[in-house]
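Order of writing sets the chain letters: A, B, C and D. Residues in each chain are counted from 1.
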């Protein structure tokens, strides 16, 4: 069936909300509250063409995966042909992005990760930037961790041969050219496969999220034969569904299951929601607001009965969850989101192969002080971080970097990711040499010290 | 008797000061120094119509309760009829308030307590805002407590079932849907009953101040049959008068007496006084200043001999005050304003049922460290605070919120108060889940830790 | 003899420098390096009339006391009569001062010491303000002490009778209505006697400096019969001269000798010197600079051989200086400028009656911690300070206030000083009541605690 | 052979890069990556006259020392005669420098080191300033050390004779009029000999860098017969070459070898590189960027095979390097760049005569706390610093000053250096007197204390 723009325009609010995407018409009324980014942004395009807003931040099949067949209403009657007239719907923000993309400095002018971030922040659409900078998948830790490593100072050693300096390491037995890995992100901007390709060439392990915008099979296919990928699981209430996901990942060749244990509720994400409003007001249009169920923002999948089963499982437990996971997969298990020493100890007792602690220098430091044997029994990492060298000194095998990869990707595509890895290689190697460390083994706890006073903060590229 | 505006206009300074309120004429010469807000604001209207300044911040019967019959001089001769011409006396500030009320964002756009505060600060008249933000009833603690909880950090636990999460608790045996209560305020803007109504629906306990702008009987009448109210007593020198107030509260059905022990003198309230001057200068009128007795600002009821008896009792003591209070009421006694561990210990020895410590994370933390048994012997709370969860972890039963309720009320009336309680319910529940706590019992001292370094400060909605 | 302006104008630099003051002509060539404010400001008027710069900050007899008879050359030949044409020489700064004096708020609008300081900073001539704010007599301590008391927090007690609250104390046996005294200043602006008069009425002890701008006999004469004055001695190399000064003070009725022990060199006073340059450049005139002997700024009395004897004695010692002082006076001895616990202990051993420690909460706190018996053996005070109550809690008998008195005097004369003492009385009494202290004896070390974290700084009136 | 400007202009990029300097033509293609300041600045002048950029920051023979004879192509055919037309090539920055030089305040207006620095920062060409302020030879320590001494507070003593105050000391047995020395700099602006001359007159020891812009023989020749100079060695991979350099220094009369142990890699120097770009953009010209080998910036001598031998030796070791140095010279050995107590201890065991620790109050403080005997066994200094007195109290013999000398030299030539030493003499003497110290021996560890809280930072001249 085909619909005219006049007919579509009648379905323009939360009681009945239709949108056009690439000349197809969809009824998204029920989907409104399930939308990860909140209903506001969809309502903005209610009754109109949403292609320009949809395309940059969704995978091509996203809408069909989330809507039932009956919600795909058919074609636009008065389409202007095969080509989408994105221009027509182009907002001021999209024009800004286009302008900024042309102004990007050439890649050879990029000296460090901050340069990349600065470019990315200019070329990203406002909603995507809000999403990224709000904490890619959990805002709470972001709030607590800023500056967490600033109080750790180095004790560099001198008179040690460092002309040959090797920053490579092994993560769960897999070779990694640097003590870092790619931390999973729920929604990478189109082109996520470029991260996979760049990591393959650079020997860096990528952790792929359950909710990656690209199908996990497609990511696995883009990897080199020998390239290890880890799979980050968000367990949902429907245990059978999650089991199926894990087994699919194992069959696709993923090498480890990273169970997310700190996302039982999604934080408030106020910044994300607010950025939409700001955007609206700048463009002087009617405003739509997020109304109703106060629980709605707390779960990516809304609260309607039918979707409850797909909601994050808030009832993970040591007694049930780990045995269940062992029973359905032979892959090593890593727990992501450990936030205190007590839980690190429980992880050892539960027999998992690794943990990823929060980007809180504190947590790692305390494990080192109070339970140094933990690192003999499992591999520890930092979920996401910038102070790679300090974390490795304290005992971490590797540090996950999330946003930097998204920024590099957004700003320059695969070449940007490769550039970023070059920068990291150079910076890590220089830092190791300045510390008198010729290999990762030489980075020891004695080389960092926590001071009891507040250092002067500086904005610079730290490792 | 009726007076012409010409006659009234002659009584225009501190030697003889008359004002018109709602077409009635009052001699407020003697009352000048008794006025809680200081004489300055009254002198501003000396010899003129003060209706526009009086109405928004006083209860209808306030003036008759404070003046003797002989000070109520009679009617205005040249009144313009039944309707007060407020417009005529409308100041620039009143026009600003009117404008801002129209500009308020709709309630569904409010995401947190800061949003409410921002609206309230725009729509409140200058003198009221000065009064509220100067520390609703004691400025000293305000000055010392800012950021007091910032040094306490959370240790969230993972792998604990939290899909069912119940933030309710009991306060002196009464059910409370959240670990908070409404802290008393000396002068809520007209409409205070709306707080009572919203609390009744939401199962929140309200503490009603001796000097509430609404008669305590009227508040009791507005409560639901099962809704508990606590009564906050400011004891005055005239012990018989205070006894009468306590017994009246008991008869009205109030469930506890909260004795204020830290208000023996009222602070300097400079900000309050100064805001009037700023206002004056903005409007380019003659200035009147607060002159004379340096003691006058230190007591709500001035220093004239006749009023001494109504002044706050500066001679409270463990030996006499508690036994006296026990002798006149059967209600449980709570001491409000304990500021150190030693006094918390003395409160236990005095046998009171509860204490409210100052909003100083420190005081609560120290009781927990030095005298943890205190909380076995009485119920502890925080007099006023924002970091609810941290306080509950440290042992507080509940936390009083004062200003946030006044702001919500001022900005949106009863609907604002209800919205605020919704926001608090959502935020407290999310925080509990993120900490791995399914009930108030699961919030333990081990979950918070005091760090010895200064965290980065952020303006965000803390619980 | 009389000189024409033409003749005088030839003596316009450091090789021969004449100035006119009130129609008299002086040769100040030799005096240049002895000038407390440095030679720069004098050279600015070399060969011209300096009356307008001289009058506001010098006592009438200052010039005759500092010059030999032969340096007073005679009268100005072409004087315009009895009246000095100050107008003619009026600089832009003087016009600014005149304007600001007219704009001063009325005294009844002053609420605290900060208000007074704000007024003073507007009405003071630039060079005087630079002198005052550079640290009235020693800049080094100023640099180190700012915010020193911010880390001390109060533990207020409740349920203590404080309706009667007496802030009076005894200093060396003399009654003082408040635990403060007036700290000596080297150069108070004309009108210093007003401080003496206000202190007499308010029962506050004044410490008079060796280099007060008013003769010490005149200050003694302005005091009430029963009013105690202390004399602050700067010992010079010429011991006989200093002995004469001490004995003169004793005969004039001064009650104690306060020996300055921390002014062996005068700091750099760069701010003072620089302010002159700034002034010059604003007015677009020729600039004169301070050239030559790098030692010259380090001693008020220059380095020429003839003046060496009048220079500060840099060779004070426990072994010689105290016995010498005992031998020439029967008055009690106070040492001003003790900066560490070790020296406080040596002061006890030397048998002095009192010490004034630097305005470093730290020093007082450490004496309290390490050598609490020191306060049993002598009286301790703080040389200059604002946090009166905290200092008294830690053991100080009294706290010297210097600059606040100069500001109050400059802004409003004697009435300003009296107002300031009223403000202090009110603030100290309120603070005591809020702490639960009915008398100075009730202010104990347990009431203040030093925290190990950095508090938020606020600009407010602290006691 | 002679070349026309047309011919030269063809060699205008990295594939073939010629420049004209003082009417001579050079092929600098191969030299591009060896250039200490990076290739960018040279490429800016590719195919053109570079005289104006070259002259101010290079010694006259620099180019001939760095190029092979075949790279010196010959004369400029169309030269305009003996005089270089610097004007023609004068950039906006050069015009700015010329203007600022004329505006310099006269030397007698300089009161402290900050004044000198302010002048220097105005009169220095942009690239030179970027080089200086980026950390003259190692940026990493600069980043970590700022404010390092701020937490050390003084305990001044009183009643100690200080009229005679002697700040002189001995460094490795050589008399030094102050406890400071001149720290070596890789590239001083033309006129470096002026530092040598001023130090000779003032009895200050100068440390001359391997890469000084003036030949070390010429510096030795400019010294007074009795004036001690130390030689700072950067050991290169070609050990024989370094041995030759050391022996040459010994023969020239240098009195000690200061081996640099913390420059195994040169930091990123991003600020330096970026300043060129900024400059370019200001002048609206084509931009050239630094492209290629990510290792290139990490070594002053590039990465081409032929130059590897001249690169810094990254394989220094206790076991080999010290014995080698002992075997080739009889001079005392100082290690420059010790960064932790453990390495200070190893230095004692290695038997060196002295160490220079990083400008980290921390390192010196810890040696004092943990290994106070270290300073009995060797002489310790601080590599570079401003808090001279605090460092000496903690045990340092002397403190190296680097940048201040470069600034003084740039701003006022030899007179500036002398002025700076006068200022330092005055400030150090005043500080000593204020502390109650009559000689360097009186500066003891008890006089400084490390506090655990963060002091208020101020920009002032610290000793």
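Descriptive notes on the structure:
We take it that contacts are C-beta pairs under 8 Å (C-beta built on N, C-alpha and C of every residue); 3 or more make two chains touch, one makes a residue touch a chain.
The chain lineup, named per UniProt: A, B, C, D = FMN-dependent dehydrogenase-domain-containing protein.
Since the model is a prediction, treat every value here as computed from it, not as a measurement.
Contact with chain B and chain C alike is made by no chain in this entry. One rotation lays the C-alpha atoms of chain A on chain D, and its angle is 90 degrees to the nearest 5.
Homomeric contact chain A/chain B is classed as different-residue, with under half of its interface positions used by both copies. Chain C and chain D have Cα centroids separated by 45 Å. Per-chain CA centroids place chain B at a distance of 64 Å from chain D. Each of the following residues of chain C touches two or more other chains: 452-454. By the document's touch criterion, interfaces exist between A-B, A-D, B-C, C-D.
The part of chain A that touches chain D in the complex is made up of residues 106, 108-109, 111-112, 153-163, 422-423, 425-427, 430, 433-434, 452-454, 456, 458, 460. For chain A in complex with chain B, the residues that touch the partner chain are 140, 143-144, 146-147, 151, 261-262, 264-265, 267-268, 270, 273-274, 277, 289-291, 294-295, 298, 313-318, 321, 335, 337-340, 342-343, 346, 362, 452-454.
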